[in-house]
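Chain naming follows the written order as A, B, C and D, and within any one chain the residues start at number 1.
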Amino acid sequence: MVDALSFSSEVSNLMYASHGDPITNCLQCGTCSGTCPAVEFMDHTPRQIIGMIRADLKEEVLASNTYWTCASCYNCTVRCPAEIDIADMMYALKRYSMWKGTFQEDLIGPAFSEAFVKMIVNSGRSFEPLLAATYLPRFSASDIIQEGLMATGLVLSGKMPLLPKRIKGLKKFQQMVRRIIPLGESS
Amino acid sequence: MKQYAYYPGCSLESLGKSYHVSAMEVARALGVELKEIEDWNCCGATAYFPVDELLAYTLTARNLAKAEKTGLDFVAPCSACYKNAYFTNSYLQKDPDLAEHINYALEADNLHVSGTSKVRHLIEVFINDVGLEEIKNKVTNPLKDLRVAPYYGCQILRPRKDHEDVENPQYFEGLLSTIGADPIDYASKTRCCGGSLIITNRKAALDMVRILLQNAVNQKADVIATTCPMCNVNLEVYQNQVNREFGTQYSIPVMYFTQLMGLAFGVVPGHLGIGKEQISGASLFAFAQNTKQEKTL
Amino acid sequence: MTEETKPFEPVIIGFTCNWCSYRAADMAGTARMKYAPNVRLIRLMCSGRLDPTFVFKAFAGGADAVLISGCHPGDCHYVEQNYKAMRRFALMKRVLVQLGVEPGRLKLLWASAAEGAIFAAEINKFVEEVRALGPLNWSQPAEPVSTPIMEEVTA
Amino acid sequence: MSERIGVYVCHCGTNIAGVVNVADVSQWAGEKLADKGVVISRDYKFMCSSLGQELIQKDIKEQKLTRVVVAACSPHLHEKTFRNACKGADLNPYLCELVSIREQDSWVHTDKVAATAKAKAIIAGGVFRVVHNEELTPLKVPIHPATLVVGGGIAGIQASLEIADAGFPVYLVEREPSIGGHMAQFDKTFPTLDCSACILTPKMVDVGNHPNITLLTWSEVQKVDGYVGNFAVTIKKKPRYIRTEDCTGCGICWEKCPKKVVDTVFEAGMGNRKAVYVPFPQAVPKYPVIDDVNCTYYLKGTCKACEKFCPTNAIDFNQKAEEITVQVGNIILATGYDLFDAKRIPQYGYGKLANVYSNLEFERICNAAGPTGGNIVLRDGKTAPKTVGIVHCVGSRDKNYNAYCSAICCMQSLKFAHLVHERTGAEVYNFYIDIRTPSKGYEEFYQRLLEEGTRFVRGKVAEVTNVARVPEEEGKLIIQVEDTLIGKQRRIPVDMVILSSGMQARHDSKEVAKLFGISCSADNWFIERHPKLDPVATMTEGVYIAGCVQGPKDIPASVAQGAAAAARVLGKIQQKEIALEPVRATINEQQCSGCRICNNLCPFNAILFHEDKMVSEVNPALCQGCGTCVAGCPAGAISGTGFSNEQILSQIDGLLLLNISTAAVPVE
């Protein structure tokens, strides 16, 4: 019989390539949260998240916006005295919450990431205007206007192309992707 | 002629065009050939990982595999691409298991990766392979008294720990002095600009941009120099929104280090994508003038 | 005999010096670090004491591999005797090859008294390497007297 | 003749029995090894207990045992115990073999079947080997009554005084011009806050005046020869350029010396000294030193002010370094620690932001004899800070620097907080991960600080910056940290930051360890013989350690270790002579071909060649028993007692008696 994994080891397992150093090493010293440039915008500080994971507060963690607010600047990772790759853990939690679909409604991150990946899978390259469609609806009116103004500015300055690029070997590229994630035929 | 497998990355085709053109100009001037990897794909920046880690590594691995074929070092001008490539490379070196997974997928594209090619950032290639001496020799139009805020950003430095001091690197300053500019010392040079949040968490990102601009402006910088298209766009394009949000009046030009190098080499601004910025750098005109004269003489 | 069904378990004889590597083994013990049970250690005062005969004897006696371990170069309790061991090691490797023994069956490992973890890790690595090589088909005992009676561990 | 061997398998409680089927093992040995001469095989709960030992002794007598094999823990732990037990039963101790089935078996394996199999193999090895053991008698050598103490800090001072007071000669070697060590730099000592100098100076004076202590300051150990009881130590006395026999320490020379030098050692760079100087007023010895790197005379060839003014004509610019060799029986290493260099953590701004101080700098600031006369002021030398932040765990408890806890920083930081509070009334913040106050009176001191109103913020400081974001931060140092007790990132503006840098091993500890033939831990602290039961001895007979050289510790602990090491040495000296392990090489003249290969193999020049007989011979007193010559002799003429070819070759046979078979076949 298999006994259920603790949430903490689940998260560690999710940190595949970097072999997520066990969060159990955490001293709760707060270096990560003291360093984090985005911490004011998080429901819980990164240190608290680790504490919560270790306390198996799965639901609270999966409902938190903390990791969706992570800017991936890795400053916590390089400073952590316990050598925990905290930024990588944040990614792990993003994956988990997307997989479980537990993220907060108003978050743009999940939709954005999904759209991004769809786009890459479809074209092999990323293309800002296409992306905009996915997140603009969630913006406030004023933000949209700003975004619009900005975009036109960029287009005029020739920085923003009007048509998406595609890579040549797209077929094979997509076969490659299929070997990792099942693609809906929608693409 | 030094050759490199060049991975421009998506941003350099659109928002970061001027980075691309200036990089090419400077490379030519320094006798460096950046051979674009054929039919490369997007490395996914920071947006894949939330969806599927293995996919993220594989997509980067595809580009690495193509670079390996050429036997040249993999060079990325974008810090995000650089970081992804660097770690994908070192992880699949360290972890045969991961390498196997990735290669299984790559097979579908008749590719194989072993993690043999070295992953480099463009600025580091110029500094280490070409060398400051060589660069100095090319300077015809030193950017005298131009107060430049070298902005390293995050992923060119982190999460690597194995290189020169993560907390207080100096090589960017070294490069700027070499081209005659006056690099300013400001604490935020390695602080995150929030680039990856600008879409997903505008409030947070703008706040991070503000803190950076504030620090650079307080230190009397004429211009901020960047090594990454994400940072560049983020710091430049969103200044108006920062001003709106926080009632500030920041208007400081943001340039790619390659653009500044180009100017110092006397390349015509147009060839460096200068003039396309949202915030034109009055402080730079003087130098732009010189280059024109250089050419006409 | 269920030999076939069982994975090949190599027997490895390890020679350690009294000052560094044997204490590294002790440390691995005190720290309860787990490693493969395939290695059986013999304590010498110094890796310099290692007479090549010992190694050949071990192979002849049925060992699948031999580990030689001493203080790090420069840390020898007897000033520099581990360098002697190092030279003999190179020599023995050559002879073994001539005798038709894969060089991978002889390993030299420097371990200080503080390196219990390294000692344990290296042993695990070595055991896997030797397992990959398979049994050494060369185990006619040097002198047939009394040993070795290869027998199953059963009571 | 066939031997009568007894095999004794220890359970070590469950340490061994928990993994190895000891009953099965001892039964197996009794049956399967009978042909090797095993006449009795037992297992017992604790072989090392007196009952266990008596059991063995009883068998030796009743069963007429001629050899004993004990399967228990590592020989480094209990070999002596069991050999003595045999001795007690009139069996030559060297006919007893201790084989390790704990450190090398039960503690490192989980598969019970495999572990049991291995235990059998190990015991077989021991039995096969012991057959060839010979009766040996330890060489007795006299112990030289003198002791070398290296390092004149509080630990070394304590050790020297204990031994000297007991009436035995001591050579105390100190690298710096004066003894006193770090303690002499401190102002107050926690938790009692008595003045460091007040309690240290008398001891330093005692050392200076003690008839049994030869004080060698401004000196360093160059070479160590010999072995326990008879070390020959070569010491280099760096030139002082002062004729100490003439010098009265009047101080005129350093008064007159025109050359100011920043004192990076004693004043931690906070103050100046002259080119001719004593590090501090209470220095012992009182003689100054001329620092020939900075002295104008050595730079320009002129000046000699000191010489002109010296009333006793004690200056000697031509003095050369001299080497002396002393004979000692034992050595105590008390070389102390280095301070972690906070510059390695750039985000704390040390060396960049003027008012960020190291703990040693702050000690000097507090010290009445220090650069600021004991006034706690900022770098400008006048402004008193209104708020002070004290950062704990700088470079400690951090895998990026030193993973260990430096043990003293908490109390030291509390001491600082108190001194700041007391002398300036400033508001003090302590930034800590955990407050650790385990010793007598320490927790009470913490309570006192809490009562005094010191602020405590639980969180490891992320960075110290002077980049203000809001007006109230302007012109301040801002400490950015997560206050983990409220889960918020805070930016706390202060005027002064004190970094409690941790301790680390001396930069040259590796070389020193090598010089004295002992080993360092991964963190470069010297390794004690046993972390609990033998903390001041080392694996090398006759070499002891005391104080921070063994690991971070505070003054009381250092003093205790100094005294402990001294006690161990005195014990040895009282024995008058010491038994050396009889593990030696001997050359059989008949077989020696006189090729002299062994002569060059020996690192101790213990092998001499008799031109007349054309044979080599080993001097047993010099031979250390490494056995390299034994392995190297092409004629096989050299045999190593205790580790003879027969012993080892047979042990190999024994170890290979069983092929390992993990899992499957159950042992029962």
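Heads up, the rule we're going with is that a contact is a pair of C-beta atoms (placed from the backbone, for glycine too) under 8 Å apart; a residue touches a chain by one contact, two chains touch by 3 or more.
Just so you know, these numbers come straight off a predicted model, no measurement behind them.
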| item | value |
| --- | --- |
| B-D against A-D, pair bridged by the larger set of C-beta contacts | A-D |
| Separation of mean Cα positions, chain C and chain A [Å, integer] | 49 |
| Whole-Å gap separating chain C and chain D, where each centre is the average of the chain's CA atoms | 31 |
| Contacts with 2+ other chains: residues of chain D | 347, 400 |
| Contacts with 2+ other chains: residues of chain A | 40 |
| Where chain C touches two or more other chains at once, by residue number | none |
| Touch-based graph of the chains, sorted into line, ring, star, complete or other | other |
| All pairs of touching chains, each written as two labels joined by a dash | A-B, A-D, B-D, C-D |
| Chain A-touching residues of chain D, taken from the complex the two chains share | 347, 393, 397-400, 433, 458-463, 480-484, 487-489 |
| In the complex with chain D, residue positions of chain B that touch it | 161, 165, 167-168, 186-188, 211, 214-215, 218 |
| Complex contact set, residues of chain D against chain B | 345-347, 400, 465-467, 469 |
| Contact set on chain D toward chain C in their complex | 24, 27-28, 35, 74-76, 100, 102-105, 107-111, 113-118, 120-122, 125, 514, 517, 519-522, 527, 539-540, 583, 601, 603-604, 624-628, 630-632, 640, 642-643, 645, 648-649, 651-665, 667-668 |
| Chain D-facing residues of chain A, complex | 27-36, 39-40, 44-45, 47-48, 79, 81-83 |
